[in-house]
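Data block below; observations after.
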Amino acid sequence: MWMLENAFLIPLIPAISFVVILFFGKRFIGADRVHVVGITALGLVWVLSAVAAFQWTQRVENPPPDAIVQVQHHGDDHGDDHGDDHGDDHGDDHAAASGHSGDGHGDGHGGGHSSPLIRPVISTFSDWWSNAGVTFAVGTFVDGQTVLLLMVVASISLLVHIYSTEYVKGDRRYVHYYAFLSLFTAAMLFFVMAQNIIQLIVGWELVGVCSFALIGHWWEEKPNTDAALKAFLTNRVGDVGLLVGMIVLWGTFKTFDIDVINTLISTNPGAHHFALLVAACCLMAAVASKSGQFPLHTWLPDAMAGPTPVSALIHAATMVVAGVYMIARLYPVFYEGFSIGTSSINLMAFIGGFTALIGAGLAFAQWDIKKVLAYSTVSQLGYMVMALGVGAWTAAIFHLFTHAFFKACLFLGAGSVSHAAHHTFDMRKMGGLRKDMPHTYRTFVISSLALAGIFPFAGFWSKDEILLGSLVGQENGYPLMLIFGCAVALMTAAYMTRVIWYTFHGEYRGHGHPHESPKVMTVPLWILAGMAVLAGAFNLPGPVLEPIGLEGLAHRIQTYAEPSVYLNGLGLSHPDPSLNMALVGLALALSGILITYLYYWRRLGLHGLTERNRYARRGYTILENKYYLDHLYNDVVVETVKRPLAKWANRFNQNVLDRTVNTAGETARDVGRWVYKWIDQGAIDGSVNAAARGADSSGEGLRSIQSGKVQNYGQLLFGAAAVLAIVFVIVV
Amino acid sequence: MVAQNIFFGIISAIVVISAVRMVTTRNIVHAALYLVAVLAGLGALYVLLTAEFIATTQVLVYIGAVMVLFLFGIMLTKAPLGNVMEMTGKQWPIAIVVAALLGGVTIYSLLNRFGSDRLVTDGPIYRTADVSDEVFSTYIVPFEAVSVLLLAALIGAIVLARKD
Amino acid sequence: MLLNQFLILGAVLFSVGVYGVLARRNGVMVLMSIELMLNAVNINLVVFGVQHGVVSGQVFALFVIAVAAAEVGVGLAIVLLLYRNRTSIDVEDFDLMRG
Amino acid sequence: MEALLAFSRPALDWHALAPELTLLAFGTLITVVDIIWDDRSKRAMPTLAGIGLLASLLPILTLAVDGSERTMFGGAYVVDDFSLVLKALFLISGYVVILMSVDYIRDGDYYENEYYTLMLTSLLGMVMMSSSRDLISVFVALELLSIPAYMLAAWRKGGARSNEAGLKYYLMGVFASAVMLYGMSLVYGLAGSTAFEAIAQELGSGESNPVAILGILFILIGFAFKVSAVPFHTWAPDTYEGAPTPVTAFLAVASKTAGMVALIQLVFVAFPGRDDVVQPFFWLIAALTMTIGNLIALRQNNIVRLLAYSGVAQGGFMLVPFAVAADAPARAIEAVVIYMAIYAFMNLGAFTVVLAVARKTRSGEIDSYGGLFQYAPGLAVAMTIFLAALAGIPPAGGWFAKFGLFRALLDAGGGWAAGLGVVVAVNTVIAFAYYARILVQMWFQSVPDGDERPIAIPGSLKAALAVTIIATMAFGVLPGLVGHFGEVSVLSALGG
Amino acid sequence: MEVTGFDTWVLSLAVFLPLVGALVIMLIPKVYETELKLVALGSSLVALVVGIYIAIQFDYGAAGDLQFVVDKGWIDVINSRYIVGLDGLSLPLLLLSLVVVPLCLIYSWNHIPDPGNPKAFFVLLLILSTGMNGSFVAQDMILFFVFFEIVLLPMYFLIGVWGGEDRRYASLKFFLYTLFGSALMIISFLALFFLSKDASGELLQTFDMRVLTDAAGVGIIKSTQVWIFAGLFMGFGIKVPMFPFHTWLPDAHTQAPTVGSVILAAVLLKLGTYGFVRIAIPFLPEGAIAWAPWIGLLAVIGIIYGALGCLAQKDMKRLIAFSSVAHMGFVMLGIATLTDFGINAAVFGMIAHGLITGMLFFVAGSVKERYHTLEISRLGGLLKSAPRMGWILGFASMASLGLPGLAGFWGEFPAILSAYNPGAGLSEELFRVYMVIAAIGTVLAAGYLLWLYQRTAFGEPTEEFAGHEIADVNRDEWIAWTPFLIGIVLFGVWPNLIFNVTDDVVSGITASVEAIAAGN
């Protein structure tokens, strides 16, 4: 278990890499070779993360005695029906915290695996700071959730490092690019293994800064810097929520320690409900900004101004899931604060679902391939948040896991396309690339299928779990979330089909001759595509595996990653796998593809008809009719529903939300100018200066007393004597 | 007592009228002469108050020395003897107001405090020798100081007034 | 005789002196008016000395007379000096310095 | 005959009178030397006068060592620690003024020998003032110090401004003494004695009556004139501007201090029970003096005139403790004495710099100080120290003086005292505004005509500068030095 | 702690060595310029070495107690003594002051601003140094006052002689404001002197800060405490500067020469906040409790207001100056909560703000030197023209906006945090509102700093400077800046370096305040 206790090495390595690259890169290594440092470091990180992951699984499988929470069996009467015992368990003891282990949920846990409550590995290192006589340590907190993210971050970061050697080759700031990639990785890893909420804040902000720096990587162009600023400032707005929320947590529990906070809540659920609600609401603001949730999502599409590998790493796979990760990490807070267990709708679920919906809708209206992917990311992040909002903790993390791979693959694929197609991301200037770029095309399609949730790709499994979670919920289902989820499933498939159509099919509409990217780019694509296929295997439901006798491998993520040591105390339950739900989800995705396919295919046909007149077959009457229907569908349904809706949504997004953000900045500046001009310079400084002028002019006035004539002086002398005398004689 | 009162009345009338004339006359030499009248009248009052040495000094120093000084001053500055120069400035109303206020409050206070207190007439009478005893014992330091003062005034006045 | 007879005479003389110094433009006249004020003081001193039956009033008056003589000498010297330099003894003329 | 026999020679304590006598002797000596050697003696005169002043300090030292309080003439003349401290202060200030005068008087068209005679005479009056404890002594001392000063103000015979300065000073001085004398006559009339103790008994115990109020008020006004308190200050700017600069320094420091000394004696010895008149009077006068002095100073362009108004305002600061004379007598006396001591040096220092600079620029305009730091950094730094002291900024001495005021006010406590404290605070700020104008010229501006020749400073001026700088800084860094004198003077003044 | 031998001297040495240096320089003729500079640097470095010695000898286990105490007679007549001593509150600030001055000297080595005259410039800096050092170790109110005031004139001249266009106005304004505050402050000191009583009701009549801290305002009734506190509030609040007494600051900073701004920001402003923590609160707990809501209010107004002011600025230096108003608002908010967290954060914030804003002013000064303008609209592309400087500016901006992991965060976050649970029975609702406002202030801080950064560092250089060769950070600048940069990172990464030192003192202060609050 050495690695778990010394997990601090993992973020330390890229941090050192950052320092080395930044300060010694140019001089001692050579500006064009700094990637060696970064890749080496990331390789190490990956290995160590893998070791950590392995050790964690060992810890779960063969828990050392000190890793298991002592279970107080107050009786084995916890029935199978979760709904019942949930009510019972809120007694004066913490039976709930322990009672859900093992076979109490035999069915619910799929495969009947008994999961003891494994404590996270917490190592503290030093007195980081102290106050009021109490010292606060810095440390690492490693559990399944941590190692899962470690693996995600390390893998994708490593691949992005490799991919970038070609993608940003010859860039004006190659050194800085790699330095910040390293720093970002370090910050993200630091965030992931935060032992206390202060570390969470630190990591949270540091990744934000790296994001800022990398979005603004090409800072010579104003739009890039605007985007960087927007990203940072929007995140800052959310950070208000983060700060306040964390402070509320501190004020409630008088500790920053995540473990302590979670344990306190899970052992005594129901207490501090209001404080937790406030904290959860505040933290939701932070999540909204960092993870691109409505209404603070607008920075994320703009953030595509950064280099594409950065988008893949930061704005798709890792940083943007920080919000999701934070919710998952402090899940008891949200669970209790939003009463997820008992409600059938709550703020988090709604925001998540709504974000997923609008993200998906907006993805239709984009011509920039990266923006489509960005909105897709928004949408998928909304999915994850929604999952957390409905109590499907594992589903959310599972989706986070799968999404990281296929979305990174998509972004890198888009980068590859752009690399080939003269650095444009405008889909109108692409088309027909499948022939020139077979590897990119294939990986892109695989990832798209994964994203669309087509069996058996990774996305299918995770999305299915989310939909299932919405359907079942905890005590109540979340019907609205289910509707949102289904709609998004359909739309996702549709817009991804559109992207593929525009990018890879049809005729090439750009300049020059597109070509496949070199291996250094395609290999990472293939690795990621592989993961897009396989990642789903990490949490397969039991029924799928039973036929092949591998039910022991079912629900690995749930088993290893879920912090049941906290969640069980809350009474979190897991829904049984449902074939029907899976089929519905799949059907929706397929129909999305189909509709879009038909739509664009028809357009192709129209084009083709005029162009390929000679070899077009006759007898298209039926198809004509179909066209007519299609036309009807397109003109009536799509044009009146989809387009206007999408347009409206886009307009709302651009004109209201986005402008609000922009105008908030402008307004602040205007207010600042006004305050400065009128209040500061006018009123406050003005009054000071007026006082000075008043003194000056009264001095001038008083000089007239000094007429120079001695008899006037005499008058003053005797007059003053007389007046004083009169006054004193009368008064005294 | 009546005689003294009558004497006081006559003398004080002379003094006040002369004083007023002095500050209002347009002829500077007349003014000097009115001042002589005032000083002389006061000398008489000192006699009435049994202050013989003061009365003597009043005559000797003031009328004898100071007035001569003034007349010299008038002559040396060739002050117009007639009303060629406006003797009273334009601000005389202010001067009147100030003087009246000052006089008013003083007189009010005196009346308020001393009311109709009678002057002690049967007190000890101090002769010149008593005065000199006092000067040369208790007030020896101020006396010497006055002598220095007069010397200094003399030296300084000579320096200032002499033609270079 | 009332004490106030003398005191009020003094007060009147003093006020007249004040008027004199404030209203008269001729420097010598101003000096003469000062004498009025000082004599008013002397009346007070002497009469109070009598009232209290002490000699210090007279002594004080004596000092006042002596100092007044010195003052007059100095004052006339200054007036002469001015007259020599400015050929004027009008105190209203002397306002080179003001403000 | 009877009278002659009755006369008993007063017991004179020669030791106690030794400072005055020494001073008198040197004054006479100068006159005699002048008469005998006339112009040939010119060069020796300043030296002689200086030696005279220093020699007079010797008996003060011996008296201080002796330490016993000596009272003569039934309390009319007292030599105690308070008077010794002030006598020393007068003599040292006088010495500095003489240092300042040496070259100024020699280079200008002045009567030299008589100048020093009058200076010594005036100082004699001041020295006498600090021991006087009866009306006649105070009156004579006042005239003894004033009358030579009137003449000194007019000493530049050929200068119209100087003449005018003399006239204004003289006339206003005489007006004020007339008022004061009238007040004294009233007070005497009530008390029947000229001795302060008797007056204190009579006035302090008796119930309020208008004559007493009038008497006290008029006397205080007489001295308020001397310390140039508003509205009796009008002479000061004109006289300061017109008079020869060393004389101005003398008036601004020694003469003002003498007025303060008299006020202390009157307020604390003669009228201790009459705080109903004294405190409001000084509250009003102090507030007016500080404020108006400072405000007008803001608009001055002539440095001497600016320093004059500054002096007016400083006088106002000195008057502040009188406003709590009855509530915190010890602190008040201490505050005034400390203020006077520090003020003497810082103000004399400022005038010394003015003298030195005027040797080159021949101008009193503030603009003529432009770029002083560039060609005469020493003078600029010296002036900065003095101005900082005047403004009350540590570590230059003035802060402790202001501190003393605040201490007295807060010791007394109460709303009125605190209110006056705030007035002082505000005035401190206003004051710096015009001191800063000089600083700005010296440091921030360039030399007006580009003439950057250094200034030749004669030895005596250097000595004066050295004395004043050292004293100003020493009082600021080790305020205990001056504080000690303040403390000892309190005990005796209140005890006596 | 028994202080013996050399240790009785060290504090005085650290305080007065620069002054000795200044006196020596005064004696050296102007023409020996290098010698002058060496003496100046040498004396300040020796003082720094003494400071380091102090830091090493300091007993961190007893950081709450005064150490190296020297108690000698000074002004006996007013019972004021020369008492210097050092505890955990003073130590970091003293070191900050000791470090900043030599760095400023190095920075100025070859960049004496117009109109030159290094002799006077260095003398003033050294005198300034003595005043600052002294203020942080003085344990007698009068001594404190003297040191507090000593800094005024040198700074006045630094601004007035070596400042920008409008230097006369700015310097005078700086001076008059501060003078007014200190005049009221001394009144309050005296009131403390006369009114403080010990536990048995005896009048103390002392200026000894140790005694007055122990007395904790016992025997002064609340209404009086409120008034006295008001005086102190003016004195210290103007120095901080708190809204609405801040208007001298932008002018002073804008006009001051670079090192003047740096010292002003790094150390001088801290005198005010230090005064609150060292004097106002412990001496007058009840007054502090009564004033705390108002201080908190002004602090959060300052935070928002300073930020808005920044957004309106067209001049880089003025913007940084306004940011000081906002940052000191956080410090004051921390103090106003009267909690350990808040006051510790405030002390941390002082150091952090000193380093960060000092750094920003350094950069601004160097930019001004190179571009001869600080008008934001004329700048641009600093990262391109002088990449290292651009980096440093970015780094300092990030630190300034409170990025976790850098020093600024530790001043801000615990201060905001402390407002959640204010001490001494203060209204929680009110302070929680303050907390939220302060948190919003962090957004604005990011806004103006990034906006500044975008306009100055990003993009291409403006046409005006496109062809110009802009020198990057030179050797002097590296030497002067590196300690700042290291400090920002070091304290950001390991804040306990400061918290650990200050916590004991602060706990003592808040404990007494709490005790008073509990007694009511």
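Remarks
A, B, C, D and E label the chains in the order they appear, each numbered from 1.
By our rule, contacts are C-beta pairs under 8 Å (C-beta built on N, C-alpha and C of every residue); 3 or more make two chains touch, one makes a residue touch a chain.
These numbers come from a predicted model, not from an experiment.
Both subunit C and subunit E are touched by A, D.
The greatest centre-to-centre distance from subunit A, using averaged C-alpha positions, is reached by B.
When every pair of chains is scored by its C-beta contact pairs, the maximum goes to B-C.
The innermost chain, defined by the distance from its C-alpha mean to the mean of all protein C-alpha atoms, is E. Centre-to-centre separation of subunit B and subunit C, using mean CA positions: 7 Å.
Subunit A and subunit C have centres, each the mean of its CA atoms, that are 98 Å apart. If you average the CA atoms of subunit A and of subunit B, the two centres end up 104 Å from each other. A separation of 31 Å divides the Cα centre of subunit B from that of subunit D.
With touch defined as above, residues shared between interfaces to two or more other chains in subunit C number as follows: 7, 14, 17-18, 21-23, 25, 27, 47, 51-52, 56-57, 59, 63, 67, 70-71, 74, 77-79, 81, 91-92, 94-99. For subunit E, the set of residues touching two or more other chains reads 176.
Those residues of subunit D in touch with two or more other chains are numbered 136, 139-140, 143, 147, 151, 154, 157-158, 166-168, 171, 175, 182, 210, 213-214, 237-238, 299, 433. Pairs of chains that satisfy the touch definition comprise A-B, A-C, A-D, A-E, B-C, B-D, C-D, D-E. Taken in their complex, subunit D has these residues touching subunit E: 334, 373, 377, 384, 388, 391-395, 399-400, 402-403, 406-407, 409-411, 413, 418, 421-422, 424-426, 428-429, 432-433, 436, 439-440, 443-444, 476, 478-480, 483-484, 486-487. By the touch criterion stated above, subunit B contacts subunit D in their complex at residues 105-106, 108-110, 112-114, 127, 129-130, 132-133, 136-142, 144-146, 148-149, 151-153, 155-157, 159-160, 164. Remark: subunit E residues 73-78, 120, 142, 145-147, 149-150, 152-153, 156-157, 160-161, 167-168, 171-172, 175-176, 179-180, 183-184, 186-187, 190-191, 193-194, 227 touch subunit D in the complex.
Only residues 711-712, 715, 718-719, 721-723, 725-726, 729 of subunit A touch subunit B when the two sit together in their complex. Residues 173, 176-177, 244, 246-247, 305, 307-313, 339-341, 344-345, 381, 383-384, 398, 401, 403-405, 409-410, 413-414, 416-417, 420-421, 435-436, 439-440, 442-444, 446-448, 450-451, 454, 457-460, 494-496, 499-500, 503, 507, 510 of subunit E are the ones that touch subunit A when the two sit in their complex.
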